[in-house]
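There's a structure below that I have some questions on.
We call the chains A, B, C and D, going by the order they appear; numbering starts again at 1 in every chain.
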Amino acid sequence: MPTNINPLKERLHEIIFEADTPAGKVFDVSLLVLIAASVLVVMLESVDPLQQRYSKIFTYLEWAFTIVFTIEYILRLYCVYRPMKYATSFFGIVDLLSILPTYLSLFVQGTHYLVVIRGLRLLRVFRILKLGHFLKEGDVIVRALMASRAKITVFLTFVMLATIIFGSVMYLVEGGSNDSFSSIPRSIYWAIVTLTTVGYGDITPATAIGQFLSAAIMILGYAIIAVPTGIVSAEFISELNSDRGTNTQACRYCGKEGHADDAVYCKYCGEILNEN
Amino acid sequence: MPTNINPLKERLHEIIFEADTPAGKVFDVSLLVLIAASVLVVMLESVDPLQQRYSKIFTYLEWAFTIVFTIEYILRLYCVYRPMKYATSFFGIVDLLSILPTYLSLFVQGTHYLVVIRGLRLLRVFRILKLGHFLKEGDVIVRALMASRAKITVFLTFVMLATIIFGSVMYLVEGGSNDSFSSIPRSIYWAIVTLTTVGYGDITPATAIGQFLSAAIMILGYAIIAVPTGIVSAEFISELNSDRGTNTQACRYCGKEGHADDAVYCKYCGEILNEN
Amino acid sequence: MPTNINPLKERLHEIIFEADTPAGKVFDVSLLVLIAASVLVVMLESVDPLQQRYSKIFTYLEWAFTIVFTIEYILRLYCVYRPMKYATSFFGIVDLLSILPTYLSLFVQGTHYLVVIRGLRLLRVFRILKLGHFLKEGDVIVRALMASRAKITVFLTFVMLATIIFGSVMYLVEGGSNDSFSSIPRSIYWAIVTLTTVGYGDITPATAIGQFLSAAIMILGYAIIAVPTGIVSAEFISELNSDRGTNTQACRYCGKEGHADDAVYCKYCGEILNEN
Amino acid sequence: MPTNINPLKERLHEIIFEADTPAGKVFDVSLLVLIAASVLVVMLESVDPLQQRYSKIFTYLEWAFTIVFTIEYILRLYCVYRPMKYATSFFGIVDLLSILPTYLSLFVQGTHYLVVIRGLRLLRVFRILKLGHFLKEGDVIVRALMASRAKITVFLTFVMLATIIFGSVMYLVEGGSNDSFSSIPRSIYWAIVTLTTVGYGDITPATAIGQFLSAAIMILGYAIIAVPTGIVSAEFISELNSDRGTNTQACRYCGKEGHADDAVYCKYCGEILNEN
């Protein structure tokens, strides 16, 4: 923190980055409303009949939102203590990506639809509305996914290779008589659609042997869909246990918690836990 | 409970709200049959060939059921000790909503189909048929879902934002050459159909890059479908453990808990657990 | 067991019901092959081009199999100690149902396809090939499903009522403009196809509001698909724990097993478990 | 290991089988790149427009890759200590299968697409890039699947028999009026597509009773999809518990195990656990 405090910067920081003061709360809630409105506008703009009638209004609104968000981004950079740290944080990057597409659309047509990335800014809602409880739960999800990252990577690598092989075999089997399986990449797309049980039905086997193979792949997919679920479930249970599992009793000597329910001595300092 | 007991009210309450007396049981079972019949009539009424032939009968039956249920609702309000408490309870609201659509259909055509909400009244079956066991299990489900409410809210918020972004990207990629992706809202609908692995196939990617992106979204969906399952599984396991496993009895000598249900002696100090 | 043992009956019982003697093993394996062959014949018989060419052969084979199985059923009834107990057991009923459809087809055309129920007789394979290990695992699955029966019944009741209500609402919303939602029963069929994430795509919403509602139902389905999985997972884990969890050490005094890993004293007789 | 060490063999072995020396690392990474390139070439070759233009180049590349991989395979056989052990190992078999299809394509047209099996050689990436962590996690997945093998076999046997019976019943119900259910094998294919919730929609029930039966099968499938997930989840949790939670260190004084990773003192007798 700098020693020579700039009161304007201080005030702005309080309003923009915090939601504890009335002004900060008003700012944050207005911002959420603006973001939601701007995402809605982009979505409606893509609907042809609406676009034809309100084309002008949509463009005006789009630019108005973008200019407001640009000013906000500059102010954030100005009033934060360490601008680079903000700019490279998750929300800093999202804030920047939220305004770029509109400017980009001056050069490349259509790209302004990408402003829907603004939606991610709405994740601030949990912090602003003091739903810290939810943030903590979100952390648990992220933690469980991070803990199972390596297992899921290995699993997805295997699934990817399996879809390449299944796709190629189906291309050999169906390719000749079925226009849907016109190339290996398309057959791999089919294999992914099938293994994940999405099953559009835009590409389906037509020959008896193709249907037999597909059925085998589905049964296999049925068994392996259990794998990621099992991995993540195990992590969630482990998270839950490390939360609960141990009791809340604190050692009278060293004050540490987290003792197993059947512990007699503090595992940190060796003192007896409860003498009665 | 009022001191001046009205014997008619008492008797009615016993019949309508309880299922212990023969009269109460007869009333409740007849009610279940009537409800099931009335839902069936509405369903059949919507089938065109049947509607053309039995139109009159359906209308008569529909009104007959509604009048019976209206009288029943008024009697419930009359004989219950605290009418407001009943009227605002889950079943009180369902009972009211079950009769309104028919009256509403006098003003707005077609709304009488909404009487299928009567189906929810059938949930009383577990109480009436003394299937208390099932009610308790239903409570466990509700409890597990409530305990994971915050996590699921955060997860669904994330999924929602992800579908908005995926939908918009696919609109950019496919929109030009594929009539199916005609607007962002439609593309978001596609993204939800895909991520939840429903996969109707009414909207499917046609370009190579669109299919590649879809495949990536499916693989992602495959991994994240594990999240809600993991969350809820963890809660169920935690519910089950707190129910069964070990009892809460403490040894009188060493004070330790965590004894198995069939334990006779304390597993920590060897003293007898319960002498009776 | 009768005191006057009939040696023919004894011998037949050994061959037919047991798989320990060479003759018994030969009988059982031949039976499995016959059953598999007869199911295969019925399946091929339903394929039109094959049926037109081999119609006669199929009919001969079909009757040959049925007569063999009928003789076998009568012999089973004859040589078993308590015929009624066998006749009312799972395999006894399956054995009877496996021969009835062919005789029934003399009166009602087409019913002979139901002989595929013979397939269930193949479940004997695990016993015959001494795959007792698999039988035990099958028991675990059945036990886990039985233990979660009540929860799953409540859950399916709720899902059923939900599909009735969703289907009716979608009939109101889509019914007018979309021929697919032509009646409430059809709409309920759609709701089940959607909630279970099967998603054929034979009935799909066409209006914007219908697609919005469908998306909401899918997201809901996404969350509630976690419920049965969570229920069953919890039961499996509980099964696994009751198997493992406790160690295999037996008390030297009372000989009982099932002690927790951290137990010092036998929880049944109070003696010290291991002195070293 | 032979006593008379052949230095060329030694050197080759170091380069080809190990990734610790610079030369070995260069060899392994080049190999990965070659494999990925060759799989990509085969995939592109199957795309008609590309095939028509670059047909010759594809054939040259294909043979170049195959010759390189053949030389590599021979060198591996030459320099390894026990050639038979390598030739019958997982990677040995994959290495051989990776080159055979090209040679086979001289006799049977189209089979060279099977070289995509080379993709499996990419699994070496985890070892080469020293991602041992991932290999270990892969082992956990394999172990969990092996542990649940018997349960999953029993479950899939049951599912298979169920699809045969459902398929035959649907053939009886729909076969007459619906061309899609033209034979029992096709109906079984439909049953598998439905039970696994893939739901292509290429075969769908058309009659009211067929749709009712399908809905019942889906609801059943909804309940039983929970079974494999439950089985695998339980195994993963069991794996996780035996890995983490507590370490295997025993107290030197009371000999008890099951101490948490961060424990300093024995929780049973209060002595210090490890003094270093």
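Miscellaneous remarks
The rule we apply is simple: a contact is a pair of C-beta atoms (placed from the backbone, for glycine too) under 8 Å apart; a residue touches a chain by one contact, two chains touch by 3 or more.
Since we're looking at a predicted model, the values are computed, not measured.
Chain D is reached from chain C by a rotation of 90°, derived from superposing Cα atoms (nearest 5). Ranked by separation of Cα centres from chain A, the top chain is C. Between chain A and chain B, the centres computed from C-alpha atoms are 28 Å apart. Residue positions 185, 188, 197-201, 225, 229, 231, 233-235, 237, 262 of chain C each touch two or more of the other chains.
Chain contact summary for the complex, chain C toward chain D: residues 39, 42-43, 46-48, 110-111, 113-114, 116-117, 119-120, 122-123, 126, 133-135, 137-138, 140-141, 144-145, 152, 156, 159-160, 185-186, 188-189, 192-193, 195-202, 225, 228-229, 231-237, 239-240, 244, 261-262, 276.
Per the touch definition, chain C reaches chain B in the complex via residues 150-151, 153-155, 157-158, 161, 164-165, 168-169, 171-172, 175, 182-185, 188, 194, 197-201, 204, 208, 211-212, 214-215, 218-219, 221-223, 225-227, 229-231, 233-235, 237-238, 258-260, 262-272. Contact residues of chain C toward chain A in the complex are 197-201, 229, 233, 262.
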